[in-house]
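Shared between the two complexes below is subunit A, which has subunit B as its partner in the first and subunit C in the second.
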Partner chain A sequence: MQAIDHHAWTNHWRDRHPLEKLLPALSLLVLTLALPPLKIGPLALAGATLATVCGAGIPLKTALSVLAAPAAFLLAGVPFLAISLRFNDGFSLHFSPEGLQLALETSVRALAAVSCLSFLTLTTPLADWTPLLRRVGIPAGIVELILLVYRLIFVFAERALTGRQAQTARLGYSRLDRSVRSLGLLTGSLFQRSLEQARRLEIGLAARGYSGDLRVLQPEHVLSWPWLLWAMTLVGLVGLAGYWI
Partner chain B sequence: MTAPLLALCGVDYTYPGGVMALHGLDLTVAKGRKLAILGANGSGKTTLLLHLNGTLQPTRGEILLSGQPVRYDRRFLTDWRRRVGLVMQEPEDQLFAATVGQDVSFGPLNLGLTIGEARERVAEALTALQINELADRATHTLSFGQKKRAAIAGILAMRPELLALDEPTAGLDAHGVAHLLDALQQLHAAGATLVFATHDVELAYAWADQVAIFHEGVVLRQGETAAVLADIEVMSRARLRPPLLLELAQLLREECGDEVWRPPRSREVLLAQLRERLQDDGNERCCG
Partner chain C sequence: MHIAEGFLPPLHAAAWTAISLPFVIFSARRVTRLMQDQPQTKLLLAASGAFAFVLSALKLPSVTGSCSHPTGTGLGAILFGPSVMALLGTIVLLFQALLLAHGGLTTLGANVFSMAIVGPWVAYAVFHGTLAINAPLAISVFLAAMLGDLATYAVTAGELALAFPDPVSGVGGAFIKFAAVYLPTQLPLAVIEGLLTVVTVNLLKQYSRNELDNLAFALGGAK
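What follows is the complex of A and B.
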């Protein structure tokens, strides 16, 4: 998570208008869902990964490791699609050709779709999405809440990490039963501290005139139409290729 | 005589649990001064600071803002907090937005400024603290010192007349302290009144032109820095030790029987004085 966040804030395309990334990525996603997966899938996967690595300058290793988690889920789940259960005489498990085909198609499609989304998460920090979220009609309160939670995740992640380190230093995780106990204590203290933190944050915000809404300046990005047009053309070409091959 | 910017007269404060944090506290903040509120750890300095911007309301006593008794309705509080900015000790208690620039813009937007004006205020505040390059950085990636400056910038962007800081140098290294004090010095030169709560006697001595010694809910003595810090009785009652520079200067004065030793305010001045002294004396051995 830390790595994703780090790259989202520092990649080459960080300052591009979020729409310039969102529209091509979503279009590619729609194509992978609509077209025959075995044709468009590899193309979309390659295209999205290429854009992430060569375009936005994110290390290939990071891009792949982001794909690794969903790939693992796929690996765990998909084999069952290839297996069918029969109850003719007794009951038996069979690999069916259709099942195998289905499993393959599902994995390719899912992986390609995930690569489109991971392109977005790796190139655009959460804060940049807020103007778009507001524009599509999500209430200000919800958007503020999203941003606040985003910020506090890091505060508490750090607390949890240092808390764990402190417990480890006093051998809190040296045995299974101690580990369970330490983890419980840590969790409890984190709840308590988050309440305290919330109260102090409210004082801090009140000092700056907080009166119910967390309004801040929105990031300003200029939409480059030529860039968007190019990106959409490329996505279109990928789509055509996937259709004709 | 014009009324002081902020005055606390006979203020009592009892926490809901019944713990009495302030009793009969008097404090005056004159315009354009640098006031240090000195107290040992746990003496209730933070509680006192929270009264300066109306976060806490005294259970008894009076607070005057420019000679006017304060009120605790929303209108008055808004104006009060625009004029008195409070920087908390933990920057984490103030920073809530995703980027530094966004966080700093929070105060100005709450003042009802336009987007353009808010943008200007943000740039101005970041420049004052010399952290322009952090504007688009994610808040959670900052170092502690950077967070601290970002938190101050968030208050500064509201252009307060009085800037109150809780333990501003706590947790900073020597470079961070120097950097911060430099920025604060420039603010002061530009006309800001500064109040800071600290347990650091050396800092108060080097920096404040007025000191209030705070102990067990009361201000024992408020006055000019050198005079108050040299008051051994008050200092020891508050469990504080006079600054080393002051003690050293007193010792030298006694040893040398010299009337003109002016207590140096910084180690640079002390070193220069000593050097001058040693050269003057040559072989005479005065302070050996």
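What follows is the complex of A and C.
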């Protein structure tokens, strides 16, 4: 999590307008879902990874490690698409060729889609999305809620890590029953501290005249139309290539 | 158990989004009204959302080789009620997709339906149902968290089965298949999550009684 956020704030494309990254990435995602996966999938995967590594300057290792979590989900689920269950006499398992085809298509499609998503997350910090969320009609209050959650996540994560280290040092995770107890206590105290933090924030804000509206300065990004057109053309070319090959 | 980005066929992804949307919009309306009436609820909800996210990043002791994390669905439903959880859960799932690449944007609807809608409602119903028949608090909390977890997992298996019906035995066969694959890891996890939630709720009841009462949480009325 820290790694993703770190790269989101420091990559080469950090100062690009969020739309310049969002539109091409989402278009590529839609193409990946809509076109035959075995053709467009590898192209989209290569395109998104290339943009992440060469364009935004994210280390290849980080880009791959982001792909690892969904890949594990695929490994667990996909093999069972290729096996079919029959109920003729009792039940029996069979290998099915069309299932194998489906499994292959699904994994390629998912990997390509995840690479589009990881391009977005690795190049754009979450805080940059908020003006766009306002634009698509999400109420101001909800957007502020999202920003506050983003801020607090890192505060609490640090606390959770510290608490966990302290518990581990006292052998809190040496057996399963102890682990359950330790984690339960950690969860409880984390929640207590969260409530406390919320109350302190509330008092602090009330002292500054808070009336339900948090005003923050948004960094200004200038939308570069040529850049956006260029990126969309590239995505269109990938789509065409996937369609014709 | 998050369905990965791009795993569902486009039609299914769109359908689940359409199903989840009304719940989330209803929840957003309610939360917005709450925040307008009492501005401090915004901070409280933000703290709870961040808490739920961090909770999901804490790894549980590994059971049957898989490393998994508590979902916090049961705890959230008990503390805030399911109508708030729909929005809070959606925000947490969005953050998991964008900060951890866990889940995804196109599968957000399906994940929201299983984890932020069905799970909390089941947990809430079980919690209040068991309290109504005078079950001890610990038992209600345990059952609510465990069954909420199992409901989430059953819905996820159902979503996968609808998207990938078995070529021979159809959706039913596929459901059995997916359910059987995940059962060995999900059942112990659900039990552990239940125990965990009991420990947490006991701690909160003991040391945060005032806060819980002040915030008019459901717990105040329990035993």
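Just so we're on the same page, the second predicted complex is superposed on the first by the 240 of 245 C-alpha atoms of A that agree within 3 Å, B and C clash if a C-alpha of one lies under 4 Å from a C-alpha of the other, contacts with A are read in each partner's own complex, and residues count from 1 in each chain.
To be clear about the criterion, a contact is a pair of C-beta atoms (placed from the backbone, for glycine too) under 8 Å apart; a residue touches a chain by one contact, two chains touch by 3 or more.
Keep in mind it's a predicted model, so treat the numbers as computed, not measured.
With subunit A as the common reference, subunit B sits beside subunit C without any clash.
By the document's definition of touching, both partners, subunit B and subunit C, reach A:201. Contact with subunit B, but none with subunit C, is seen for A:127 once the two complexes are overlaid on the shared chain. When the two structures are aligned on the shared chain, A:9 is found in touch with subunit B, with no touch to subunit C. Between the C-alpha centres of subunit B and subunit C, as viewed from that of subunit A after superposition on chain A, lies an angle of 90 degrees, to the nearest 10.
In the superposition on chain A, A:139 contacts subunit C only, with no contact to subunit B.
Annotation for subunit A, partner touching more residues between subunit B and subunit C: C. Once the two complexes are laid over each other on the shared chain, residue contacts for A:210 go to subunit B and to subunit C alike. In the superposition on chain A, contact of A:76 is made with subunit C only, not with subunit B.
By the document's definition of touching, both partners, subunit B and subunit C, reach A:150. When the two complexes are overlaid on their common chain A, residue A:114 makes contact with subunit C while staying clear of subunit B. Closest CA pair between subunit B and subunit C after superposition: 10 Å apart. Shared contact residues on subunit A (touching subunit B in one structure, subunit C in the other): 5, 126, 148, 150-151, 155, 197, 201, 205, 210-211. Contacts from subunit C toward subunit A in the complex involve residues 2-7, 9-10, 13, 28, 31-32, 35-36, 39-40, 42-51, 53-55, 57-58, 60-61, 70, 75, 87, 91-92, 94-95, 97-102, 104-106, 160, 164, 166-169, 173-174, 176-178, 181, 192, 195-204, 207-208, 211, 215.
By the touch criterion stated above, subunit A contacts subunit C in their complex at residues 1, 4-5, 29, 32-34, 66-67, 69-70, 73-74, 76-77, 80-81, 83-87, 94, 96, 98-99, 102, 106, 109-114, 116-118, 120-121, 126, 129, 138-139, 141-142, 144-146, 148-153, 155-157, 160, 164, 173, 176, 179-181, 183-192, 194-195, 197-199, 201-202, 205, 210-212.
Only residues 5-6, 9, 125-127, 147-148, 150-151, 154-155, 197, 200-201, 203-211, 214-217, 219 of subunit A touch subunit B when the two sit together in their complex.
Touching subunit A in their complex are the following residues of subunit B: 50, 53, 55, 74, 78, 81-82, 85-86, 88, 90, 92-99, 101-103, 105-107, 109-111, 115, 118-119, 122, 136-141, 151, 154-155, 158.
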